[in-house]
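Below you'll find the structure I mean.
We call the chains A, B, C and D, going by the order they appear; numbering starts again at 1 in every chain.
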């Protein structure tokens, strides 16, 4: 009998280790647009290496001050995703975490055109990733999420390209300037003082979540499934509360949560399982 | 051991029935101000009848369309409070549920003075209750909570009388008019068309949560502990979100929650344990 | 410390015993209509004796061969209801189990008028019960359920009086004759051979669930919430499956379940918690 | 003890990866009958690659609108089967998911003979699969299941070839035309208008679950173990309810379930574990 259990133990251990997910946190892709190598981290779900099937993909954006390793190290992305998949709360998916910090910080194109990260994201990173890994290329199998600055990236990317993402989950998001004057003050804080009013105005229209929501055409209002979450002690409470009001008034379907907490990894680790479950609902095609 | 248990059983069997909580849902108090009998329901915690101690009190207000039985039947107040007390999440307390529906609906004084419910509440009901039951009369042992119209009552009563309540928990609250013109439109909907601008203005200043928050003197900002909760699908989303923003800007400490759900008893039954626990923290910690 | 726990244990034990529900299974009510005493059993929820509040009511009908003690003895109604209430799956309610077996069996009025049980139920039993116990008298707080012959009673009572019941839950129900000829064969089996075609036809129209469903006026289709459940091995499979089809075609909202099992108390004990939870949803006013 | 574990780790690390299950979702087989390559997906259970044993097989059919990847992506077949096997609810088996969508949709032979999918299935796909993979070729180790259109395929294949399948599990199944006239209306909807009455009649007899059940010879009634499941909100409620009645009248043993739900992947993901367990009872118990 003991031998039997021993054999069972060995098979079971073997199976467990073999089924494990993998995380690489120091890969890179060559960018002509940014004229440099750009880092990314990637989570490959249990079974990726041995199966032949293809997978949905989540682009998961870090906040200011972190890089591609933020969600891996502080967000415990592997533990959280493995658990959510094992419990049937989320479907097996690939999670891509690009670096928007090294060299210069930010997910958007600058006015002067010396930092075209958004172009890099859509024209180089996404095509490279979806060609290199076994990823389903259709909108319904692609989601985006992120925290703080990466929540801002999530808002703007999904508002600019609703044809590419089935779900978007901005967490404790920077929702962008509330007026052109506010946008100018952003630039001045970044030492970028030479922009014309026209440039500022154009930038504002593309980088204010409120402005993009208010000007959204009716036929786009159900294009993306939204899950928006921001702690009641977070310093970004106002923008997120106003986005909730604006989306309700505009009748844009969205989930909105305010939980106990501030701008912290404790909050985001608690958000992540709900995000993985929410975006899987689109992958599952309920 | 058997003798031991038997002895206890015999010794204490006489007091067994007294240990249970009690709910009366059809009591009344005579009001000179309103010139009528007013109904109320009351929850007396386990042990109330046999102990000699006094208890903290929660005034728990129903919404429009319900009466004093609403929290008893739909809110399962007895089950919820018994459970929260048994699990140590809440301290034993008395819960008073007045009827603000019979005859005429509403928690506030009318402009014309023909419905002075708020006067009744503070000058007749509260004194009667706190004299009739063994209730601790100090602020720190008194809390107020309510839903919808009763959430509005909670806001206004605690904003008018911060010296009386240690905690206030408006749930899915009607936060009141957003301007004097809005207040006038309320009155007109109620068929109350003769009010002067001065009267409307005065009413507005007293019955708009936003106005009361914005004009709150600095030395009152920590007078009441707030727990505010409203579902992301609730039709009252805007007022509550704006209260959150106004309180944050004014630096009034408060807990704020937006959970999944609408304007429903399912939502409020889920809120109630957190409310009982939150208000108990004031009872406990002073 | 040990003394502390001992005291706690005693208080807790006391509280548990005092909060217990009560079942009486041999009460009776005097019937002029039936010219006899009629038995009933009743379940009073935890807290009934010490609270002063009023409660919703469920009329729970036994099957042929049982009497008012069937649900108590074989259905474990006390255990099931206590558990459902404690877990928050059901609201505290009173459960009334009348005897439709003693003397003569059946829930309906006979053609000859020598057994007017349905008249007794609505004109004597219900008024007596709702006056004697603290029961809320409104439709939304009244439900009916039953098994086999009592499932037939549930169908007919709720189809005859949709103004009286918010929910109806026929379990493994006898759905009644499928044609007047079938109705006549019922009577002949019961030794009732003298009925005219007109009498049979009238009886049929009132005691066939299919006929009552097919002839239901549109404005009654949402009057009652239905939960219908019948095992895949039950001999009454056909009538229940046809009721499901008829209700779907007629667009009468209903829950329908076929689970593993036959015409047995094992099946009904598994049904009961779902029934208690389902009817509580109406009491709760979701 | 540490040495003990270390030894195991070293000894068995080489075979770790082989213990995982595998899913291929883009394989194909060449069909002379259909004159094209036909896609299929396959699940190989944990241990398939390193063991030398052979396995039972389940043919798992997708619904209209999906293809061979449906059960992989939306049905989470790998997660579900791995879990059911690990928990001992199901035995290790191979699951084959053929594509009946590409080029032309459907599991049956057309009247005109221009789409002989059923011939392909039995004469080309099944022999190819059972030769290519280590599959036990006996009836008791072969099962069939499917959803919607694939539930229809499951009914017809198992009713046509009870000598080939020990278990059949139609989920939310299309049960086929209810009369020859109904069959003709199917063809006309598909633009197939030239069929003679004799052809239609023959087609009807072979593709109506009700007709096949009613005409089943007595000695075949226990040939296949049936597990039939359809949600109470499914638009296919009528055919499945009538099949239940017909099988009961004909005394064909079968499990029948109606659970809460509609025609959705949520429903089918909940069905799948029961299906895997049910068919394993045949694999296990002979």
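In the analysis below, a residue touches a chain if its C-beta (ideal position, glycine included) is under 8 Å from a C-beta of that chain, and two chains touch if they have at least 3 such contacts.
Per UniProt, the chains are A, B, C, D = Esterase family protein.
Bear in mind that the values here come from a model prediction, so they are computed numbers and not experimental data.
Simply put, subunit B (Esterase family protein) must spin 75° to overlay its Cα atoms on subunit C (Esterase family protein), rounded in steps of 5. Ranked by how far their CA centres sit from the centre of subunit B (Esterase family protein), the chains are topped by D. Rounded to a whole number, the gap between the C-alpha centres of subunit B (Esterase family protein) and subunit C (Esterase family protein) is 38 angstrom. A separation of 53 Å divides the Cα centre of subunit A (Esterase family protein) from that of subunit C (Esterase family protein). Subunit A (Esterase family protein) and subunit D (Esterase family protein), compared by their mean Cα positions, are separated by 38 Å.
The set of subunit B (Esterase family protein) residues that touch two or more partner chains is empty. Chain-to-chain contact here is organised cyclically: the chains close a single ring, every chain touching exactly two others. Inter-chain contacts, as defined above, occur between A-B, A-D, B-C, C-D.
For subunit B (Esterase family protein) in complex with subunit C (Esterase family protein), the touching residues are 8, 12, 15-27, 41, 46-47, 69, 72-74, 76, 78-79, 82, 86, 264-266, 269.
For subunit B (Esterase family protein) in complex with subunit A (Esterase family protein), the residues that touch the partner chain are 232, 237-238, 241-242, 244-245, 248-249, 254-260.
Looking at the complex, you find that subunit A (Esterase family protein) touches subunit D (Esterase family protein) at residues 10-11, 13-15, 17-19, 47, 49-54, 85, 88, 91-92, 136, 283-286.
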